[in-house]
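The two complexes that follow have chain A in common; it is paired with chain B in the first and with chain C in the second.
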Partner chain A sequence: MSQAPTPLTSRPAGLAAARQAAGRRRWSAATQDRVFAYALVAPALLLILGLVAYPFFYAIYVSFTNRVVGNDGEWIGLGNFRYLAQSAAFSSAIWNTVILVVASDALKLSIGLGLALLVNQRFPARGLFRSFLMLPWAMPAFVAYLTWRVLYQPIGGGLNLILTGTGIYSGIIDWLGQRATAMPAVIAASVWRGFPFWFVSILAALQTIPAELYEAARIDGATAWQRFRHVTFPAIRPVLIVVTLLSSIWTANSFESVWLLTQGGPSDATMIFPVLAYYGMQTQRLGEAAAVSVAMLPVLAILVLVATALMQKDDEA
Partner chain B sequence: MAEKHHWTRRRVLGTTMAGAAAAALGGKRAALAAPALQKGSKVTFWGGLIFSDKANKLLVDTVNKWGADNGIQTEAVMINQNETVQKVSAAVASNTMPDALDLSLDLLLLLSRQGQFLPLDDVYDSIGKAQGGWYAPVASSTDTSKIAGGRTGIPFGVSGNLLLRRDDLLSKAGFSKPPTTWEELAQQAAAVNKPPLFGLGLALSNVGDGNVQISVMQSYGGRIADDAGKTVTIKSDATREYLRWVKAAWDKKLFPPGNTTWDGAGDNQAYLAGQAAFIANTGSVGIAAKSQDPELYKATLYSSLPGGPKGVVSPIAPQLRAVPKSSKNPDAAKALIEHLAQPAFMNAYYEAAIYGPVLQDQAKFKAFTGGDPILAGLLDLVQKGTAPAYPDVFNAGYADMFNNFMIPKMVQRVVIDGWDLDKAMDEAQVGTQAIYDKYK
Partner chain C sequence: MIGRNAARDDAAPPGARGRWIAGRALTYAVLLAAVALVLLPIYWMAITSLKLPREIYRVPSLWPQTITFNNYRILFEDKDFVLAIRNSLIVSFAVTLISVFISSLAAYSMVRFRYRFRGLFGRVILFAYLTPTSLLFIPLSILMARLGLGNSLHGLILVYLTFSLPLSTWLLQGYFRSVPRELEEQGMIDGLSRFGALFRIVVPLSAPGIAAVSIFTFTGAWNELLLALVLITSESQRTAPLALNYLITSDVLPWGPLMAGAVVSSLPLMILYFVAQHYMVQGMTAGSVKG
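Coming up: the complex of A and B.
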């Protein structure tokens, strides 16, 4: 690159100008690097903006309008949220969603952790057993839940047949049709479908723990519980945080489990946010449906923040 | 069926085209001055996919044949009726609506209010004049003139609920005639109730079948709202009386277990599995029984819904065809819709699908006089049935209430949660008023 000659008015001034020019050249190179970096990132950024940010913020905007199918509607402020707050189904949805997420995650953790610890040991046909445990997760959700629906059938359903056949109970239990059993039935099906994710994630974390640590603990006289508490748990903790976060979000947003089993009933015993939003869509009131989804955001945001804080704490430690 | 009367697809298409040709030559039925169709242009048609493959194929073939004969490129896409709302919503938002489509009355009303459809009064009048006029409840319930400045939908079929009963069991119990009141229904159901067979296979869940309870409530004199369609009036002595009827039947264990969470196929499956003596159904169960269980089919008899102290409330559900304003080929779309109303095609279509007639002359079709009990029941339904929502007003609030299953939910509060009748009515009253208030 050619440069205009610097007039040598005085020696010190000439030096300063030369330094400035050199600085400009260095700054220019850094800028070029930065621009190049931005250019590389830009496609991904645009994709995220288009596919994640735009629909996200648009949904928030729609929740403040009275939009229906065929009409963009008008800004109505908190109108949709006020209507939802009055609705009995909305308060049921809050409570039921919390119960579904907490109970499902607790059970998935227990089963997933237990199986991962078991399968982490050496025994014959271990690989086959591991693959077998992944089956529920590999099965399409609608097939899984429709199968569970058949199992729960009051007449001719698998569960009642077992109870009758073994002589435990000879009456008809309406698993999905009564308040006392409907939500536990949904949770059981949801846990069955979701535990393999926990299992495989925890197993992967377990396999990164050096055997020497256990050996050293044994030499120091640590019991099995102490080895789990002081060696295993700290090692899998970061994975557990991420898995809990993801699983909670997926469960809170899961539609098919409840829809295919109970449609939110009986009464509002299993009504959760996604099903409530779907009812809003069925009535073609898009603003209202968006408001239901947006109402979930604060809870999920808190969950994400807590998980992020825990992960940062782990990193710092 | 005698061979000479058999309507093959080829014969239907041929006859339909002959009719069209006669019309084009100035026949008596060509009441509508058809505009010249632009050769080489394209028409996209979204048909309502129903359970009958034969009916679906007949519709697609007829559309394509009409296109080929008129030099118009046609694209007939069958849309699952359960997904029409989602597909149409997306198409409206993205301005990709077809040139013509099939849809339900509530979606037509909603979109007509938004000015999405062309007025089709000329097509409506032409078809009605040529075929003996429209049935009164069809004509009144589909009139969009007040909200859209004209008729935006052309009815082509009517569905609704019939009462299906197990005659083999009931006649043994001494009941040879169908129940005429809901009280009689409960009595007959109790007489044959012997688990795992239950008397009353009525859905009380949050699905379309559960909304039959609205008709039961209305036949007891209960109302959703006042005559203006604005103030909700669910809480009343008549509704209380209706709830007592449901509660009594529930306490006697006349309903099959699981009916509070049945999906749309719940009552069908219960009846086909021999677990219900009575169900209220559009007739699709009868068709399924015909092929899957001929003995059950023979043992099944059909009648109109029973009545309450205020008479029979048996609403019809019209299906319609419409032309979006965004259509690039509206003249051809209108011509196609008029073509699809031709008697030869409609007779064959009715025989394969389960729809009742919409025009007076269609009552003479072989489909309805040929001895098929389901189609005869649907003819009876359109002749004696009530307009949608009657005696209430079918407006946006009513449609929203209907889609939110407010009455089945009220019943669930009583039978599942054990709520006091007044508490359940109070909740339904407040919730439904909140829905109606959105449209004030």
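Coming up: the complex of A and C.
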């Protein structure tokens, strides 16, 4: 950029002089650099070790104890997990978490990919469309879910009003209050809030595909589907994998969505892991609550390990 | 359907041109429908906040018959939302300042120096970024209680570093990497120390990136609910999401004031988004930011 300093001396000579000057001090330049490098990472690393790594392992330890608030408890081995395996709320949480993640991911993928393909064309006002489609991402999650809660209200909620107003359905639906519609309602809200991340990530990947590839495919007589299958899809596949992994991790752990919409109800119909763990904590049984979050760790760990490997590879490339 | 070739179709035979127009019309129709679905909840939030209670509950309509600011008055005077906003601002600004400063040191170190554990540190930071809060909130609450930081904004600031530090370190690495090493070396020859090179050359040249990272860190802290719910017990320490959360756990849902609170807590971020959109979207796709 413009404020870059202009060279005053020829670089190699100046650098050598600087290194020599440094070498005359107590440490060699290389050692100095190394000490400096470690000193710079130290604060961040110590905080992360203390605030993420230590609590992480501590959660695992607590999940093997019968700790309650005010009493550290003792080691009870798999006791908490055995108890959870028999609890109805826990098995609901497993299924609901799986359904929420799979359904939301599938919908966000279809909507995000479809819209990205549309916006990737050249037409007037495409930038404006992109800005508006991104809005849910810019909205705080808690605001989004509170607003959806109001939309879903049986009386005076916007959704029923639109259905009756347009004559599609004239009855009153208690979207969040009945088992059949509660989970779909949570999924819809979560898709509304989460699809822009897919949309923009896919759009960015689409924009890296050189037009010549489509040109060549067209000359070879490829149909639109063949062009998608053999040009577009291979180019966006890496992005799709990373986005799917991240979105699954975030959706499975999204506390706000379920908490602000249904609090896990009605009768556990939308109970997911983080909400169940929070309830466990409210009843002060910390060991049990920790076991709830630790129970999902094996699956989570696989997702995180794969995502980390892919993101780090991307980053270094 | 696939882009880029559209302009070329202009020269195509008449049949193809008709198909092109139909395709274009369909594109606009689908996009307009999508934008309408995106705007519907935002619109509903805004008008509900401006409606009288009788219009919300008894004669619901798609637009308010009478516009009232009473909901905002209730929110600010009876519900003490000003205090919640103030707490949210304190926490979010503190978290942003601390984590952007500490993480720019760490990111600089990992981008500019080659040392033995660099790769490992990078992985630890990514792990930390992807470790969900739902796994950490129980041990963190025990830890904060032990440190005597439960139910305080200081404690909240400290635990928010669990997600903001890894995120900002991870993102800043990408921005710092794009600053040419030669510029720094030149600066050091001209008499700058390593610190000087970082703060006089690398940081100014990454200013757009640092701005984007600051916005992400700020919004991350601004939006957080679970940790606040677990750590904060007294009304005077509540942040904005927490204050609104307690509005819906009462028996009667005060929709008007609730949506007024939603508008107040999202408006600054939406405006920020429209102003800094370019940098934010770039940062989001480069570093995978949930928002």
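Quick notes on this structure:
In this section, the second predicted complex is superposed on the first by the 249 of 317 C-alpha atoms of A that agree within 3 Å, B and C clash if a C-alpha of one lies under 4 Å from a C-alpha of the other, contacts with A are read in each partner's own complex, and residues count from 1 in each chain.
Definition applied: a residue touches a chain if its C-beta (ideal position, glycine included) is under 8 Å from a C-beta of that chain, and two chains touch if they have at least 3 such contacts.
Source: prediction; values computed, not measured.
Legend: residue contacts after superposition of the two complexes on their common chain; A:Met281 is shown touching both chain B and chain C. Looking at the superposition, the partner that touches the larger set of chain A residues, chain B or chain C, turns out to be C.
When the shared chain is aligned, chain B comes close enough to touch A:Gly264, but chain C does not. By the document's definition of touching, both partners, chain B and chain C, reach A:Ile155. Once the two complexes are overlaid on the shared chain, A:Pro234 sits clear of chain B and of chain C alike. Using the contact criterion defined above for the overlaid structures, shared-chain residue A:Val68 touches chain B, although it does not reach chain C. By the touch criterion defined above, A:Gln178 lies against chain B but remains apart from chain C after alignment on the C-alpha atoms of chain A. In the superposition on chain A, A:Phe142 makes contact with chain C only, not with chain B.
Overlaid on A, the two complexes show chain B and chain C touching the same residues of chain A, namely 153, 155-156, 260, 281, 286. Contact residues of chain B toward chain A in the complex are 85-86, 88-89, 92-93, 107, 110-111, 114, 116, 195-196, 205-207, 256-261, 263, 273, 275, 399-400, 403-404, 409, 412-413, 416-417, 427, 430-431, 434, 438. Listed in rising order, the residues of chain A touching chain C in the complex are 1, 3-5, 7-9, 11, 14-15, 17-18, 33-34, 36-38, 40-41, 43-45, 47-49, 51-56, 58-59, 62, 111, 114-115, 117-123, 129, 131-144, 146-151, 153, 155-158, 161-162, 165, 192, 196-197, 200-201, 204, 206, 211, 214-215, 218, 224, 227-228, 231-232, 242-243, 246, 249-250, 252-253, 255-256, 259-260, 273-274, 277-278, 281, 286, 289-290, 293-294, 297, 300, 304, 307-308, 311-312, 315.
For chain C in complex with chain A, the touching residues are 1-7, 24, 27-28, 30-31, 34-35, 37-42, 44-45, 48, 56-58, 60-62, 102-103, 105-106, 108-110, 112-113, 115, 121-128, 130-143, 158-159, 161-162, 165-166, 169, 173-174, 182-183, 185-190, 194, 201, 204-205, 219, 222-223, 225-226, 229-230, 241, 244-245, 248, 253, 255, 258-259, 262, 265-266, 269-270, 272-274, 277, 280-281, 284-285, 288, 290-291.
Listed in rising order, the residues of chain A touching chain B in the complex are 66, 68-71, 83, 86-88, 153-156, 172, 174, 176-179, 182, 260-269, 279, 281-286.
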